[in-house]
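Shared chain: subunit A. Partners: subunit B in the first complex, subunit C in the second.
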Partner chain A sequence: MVGSLGARAGLYECGEVRVHPTGSVTFFTGTHSHGQGHETTFAQIIAERLGVDIDAVEVVHGDTSKIPFGMGTYGSRSLAVGGSALARALDKVETKAKRIAAHLMEASEADIEFADGQFTVAGTDRSVGFGDVALTAYVPHNYPIEELEPGLDETAYYDPANFTFPAGCHVCEVEIDPDTGAVEIVNFAASDDFGNVINPMIVEGQVHGGIVQGVGQALLEGCVYGDDGQLATGSYMDYTMPRADDVPSFTVSTRTTPCPHNPLGVKGCGEAGAIAAPAAVMNAVHHALSARGVSRIDMPATPARVWQALNA
Partner chain B sequence: MHDFTYHAAGSVTDAAAKAAAGEDAVLMAGGMTLLPTLKQRLAQPSDVVDLAGIAELRGIRVEGGAVTVGAMTTHDTVASSSEVAAAIPALAAVAGHIGDPQVRNRGTIGGSIANNDPAADYPAALVGLGATVCTDRREIAADNFFTGMFETALEEGEIVTSVRFPAPEAAAYMKFPNPASRYAIVGVFVARTTGGGVRVAVTGAASCVYRESAMEAALEGNFSAAALDGMTASADDLNEDIHASAEYRAHLVGVMARRAVAACG
Partner chain C sequence: MPTVNMNVNGEAVSGEVESRTLLVQFLRENLRLTGTHVGCDTSQCGACVVHVNGASAKSCTMLAVQCEGADVTTIEGLADGDALHPMQEAFRDNHGLQCGFCTPGMIMSALDLANRNSAPSEQEVRDWLEGNICRCTGYHNIVKSIMAGARAMAAGQGG
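Entry: the complex of A and B
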């Protein structure tokens, strides 16, 4: 997609689903989880799709001696692109497993249905479990060895057809102490459309983290250099990282319009908070200050800056 | 960190002897300021004498209308002491607003005042309450103890043993924290003493804690926030940094002083 826009690169992602003889699964992904909970989200997708226990799924990321080459985690792409590669690899696993199941049940491949971890011959009560198929794939005794390679290990690459377009609305209410210039966020509500939500708690956590980062940008954080080029904010004694008591409890919710062009119907959610919050916070600050004739204030709106604007 | 010899002192006398024996010895309380200084190689002492094991330096005593706090008493102990809360609630409040829980669990009153950081909270409480600093050699009035930026009246090797605070009629501390460090950009401690006097001590604003005598005079006639209406500090000698200009600090001294008076009830 981005290649056609002139990027001269394909921003695909890659995923390898390795089903083990026991029916447990290892997923190797080119995206990286540094707190976003891919270990949970990707495992949920696999567990739901293959009907295996979520504890039987391991997600391997970040170890370049093990994982396939990937593009990594950025641009809220891990689920939309990496998750889509996973969905494609799972398609391949299912196709091959159906062929093995058809052989085991002496039925036509076209008649095999797969649901809840069971392969069933349509219209009959004949079925075989996913674990049995996995074992057969690696211990190929009763197996169509002439037509089908053993093993159940599939890799897929996914190059998105388009960007995803999450949308949302963030509303912020502030109170400003005119005597000191201190800004307090008293209310913050966010509603976002991230397409299908795999894990609501993780999504909520991503939005929380994003909002706090946005609040940091709007009110607290800033690198300051002295006239001599020396960094004056070289430690957290001077650089204001947002802390829990700088923000209120947020009200967050989601609305779902599935993404029409990727297999999971998902959109990016990681950056929504960090994108919307600075604008929402600064709009609230401007709104409060406009009553006192202040028409412009730059980020971060620190107490000193706000007080100065009020007394200019 | 440069090499040094560590000594655990068992008593004040022992600590004094060990400090005197070292070529360039320092005392250590909770190490909250000292250890980062050593790690950054801003100091290179030959010997570090640890006061942590000296029982006589710990604890709080309330008697005869005064609260005595041992030098090695942590901020958390002062903040959560029911005796302090009953005798001088403003003192417990000062301790409770220092840094974060980790700092309050290790930082001590002796270390804080011996260090005399211009933005530290305790100096305002000591000067505001007219406290007395007790050392292994003498007693020093708080008004004479804090002599300049990171400077005190302590002599070489002199050990703070405790601080004695007379209970006031009413007192309150208002702190406008630095958003990053949470030290005071400006902190004002106001007390109405039992003799009818008023003390207004300001920390964070200047190179060292000081008293706002004009505000004290205004409050002696009329102890109300209104008596300070329109009053600010003079910006002339105030600190200026990336967080606050001298003018802003001067203004905040007035705001915090009015709020502290109002909080005295």
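Entry: the complex of A and C
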């Protein structure tokens, strides 16, 4: 869909689900994880869908000699787009596995139900496990070999039909010391709608990190250049990263309205904290300063800037 | 080149180093103990924190020769085989890391705090982490991990 908006790249994502003869699974994805926990989140989706142990799932990313051609991680898209590709690949795995299970149980494919890792002939007690189907796919002696290739290894590409629209509300309370201009964040609460949440701990962690990045932008971080064009904030000595004592602990929560147009019903999450927090912090700073007649202050609201605004 | 001798993670080691060799270079390049990270090289970020004679120190800000005869502990020295140290376990349980780059330094700093104060308050933990920067977690779960890790260490000593 982004092509119609002028993007010059396809913003789809790929996913390959390779089921091994043992029933363990390797997932190859074009998204990349450098701390977002894809190895956990994607493994959870696979384990839940196929009924395999989460320890039997391996996620491979970041190695272009192994993965299909994908687009990567950006724009809070890894789950919404990469996860959707995974869901589509799992659909294909399930469809093929059902055909194999139907053959094994001499039943019609339409009568096969799959839940909790078991293929069952509807209305009977006949069933076969996912691991047996996986083994059969690779040792196809009792197999519909005329009409079905061996193997259980499926790739899907997912091109999103639309953007996802996460929404939320972040509330910040600050206290400002008029003598020094220092802004202290005394309370911060956030509630976000990311659609369905696969792993709440990871989602909360992403929001925490985003909030502090936003706090940094609002209060601390800024690139300063000298008149000669020399960067004066070239190291952590001079560029103020938020530190643990610059922020409090946060109250974060989620409200779920599933995304209507992707298979997992999920929305972007990674950037939410960094988007909402600067606005919430600066609104709080403006609110506090307005009582002293200050109508405008720019980011970052450093102690020097706040003090100058108060003493203008 | 001078020869330097020290105990690293309980093992006597020695090596020929240039006088200007930093402790972190000696650990990473001579001993191949790459768990200790170099984040900023300017003593700001704390990714390189190790223990020297039981106290936390930024190993990018010490010369290897300053550690002649010293006991040095790095992140590699904490786990007992497959059994993680209680502070490491607390970081895992509380999702105290995301990308993990700051984690070795965070844990070594946290251990020094827990050794001095077995039940630190949230504010004490936050003040102590003044010398450790994290970009991913917003510190929320790191603070939680350290408080839990300190409690677990205290409970372990009591039992």
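One rule holds for everything that comes next: the second predicted complex is superposed on the first by the 310 of 312 C-alpha atoms of A that agree within 3 Å, B and C clash if a C-alpha of one lies under 4 Å from a C-alpha of the other, contacts with A are read in each partner's own complex, and residues count from 1 in each chain.
Throughout what follows, contacts are C-beta pairs under 8 Å (C-beta built on N, C-alpha and C of every residue); 3 or more make two chains touch, one makes a residue touch a chain.
From a predicted model like this one, the values you see are computed outputs, not experimental measurements.
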| item | value |
| --- | --- |
| Partner chain(s) touched by A:Gly205 [first = subunit B, second = subunit C, both, neither] | second |
| Partner chain(s) touched by A:Ala134 [first = subunit B, second = subunit C, both, neither] | neither |
| Subunit B versus subunit C as contact partner of A:Ala272, first or second or both or neither | neither |
| Subunit B versus subunit C as contact partner of A:His34, first or second or both or neither | second |
| Which of subunit B and subunit C A:Val19 touches, first, second, both or neither | neither |
| Partner chain(s) touched by A:Val247 [first = subunit B, second = subunit C, both, neither] | second |
| Touching partner for A:Tyr236 - first (subunit B), second (subunit C), both, neither | both |
| Greater residue coverage of subunit A in the superposed arrangement, subunit B or subunit C | C |
| Which of subunit B and subunit C A:Thr180 touches, first, second, both or neither | first |
| Overlap of subunit C and subunit B interfaces on subunit A (superposed complexes) | 236-237, 241 |
| Contact footprint of subunit A on subunit B as seen in their complex | 176, 179-181, 183, 242-245, 248, 251-252, 255 |
| Contact set on subunit A toward subunit C in their complex | 34-37, 201-202, 204-206, 208-213, 235-237, 241-245, 247, 249-250, 273 |
| In the complex, subunit C residues that touch subunit A | 40, 42, 44-45, 95, 97-100, 122-123, 125-127, 129-130, 132-144 |
| Subunit A to subunit B touching residues, read off their complex | 179-182, 220, 224, 232-233, 236-241, 302-304, 307-308 |
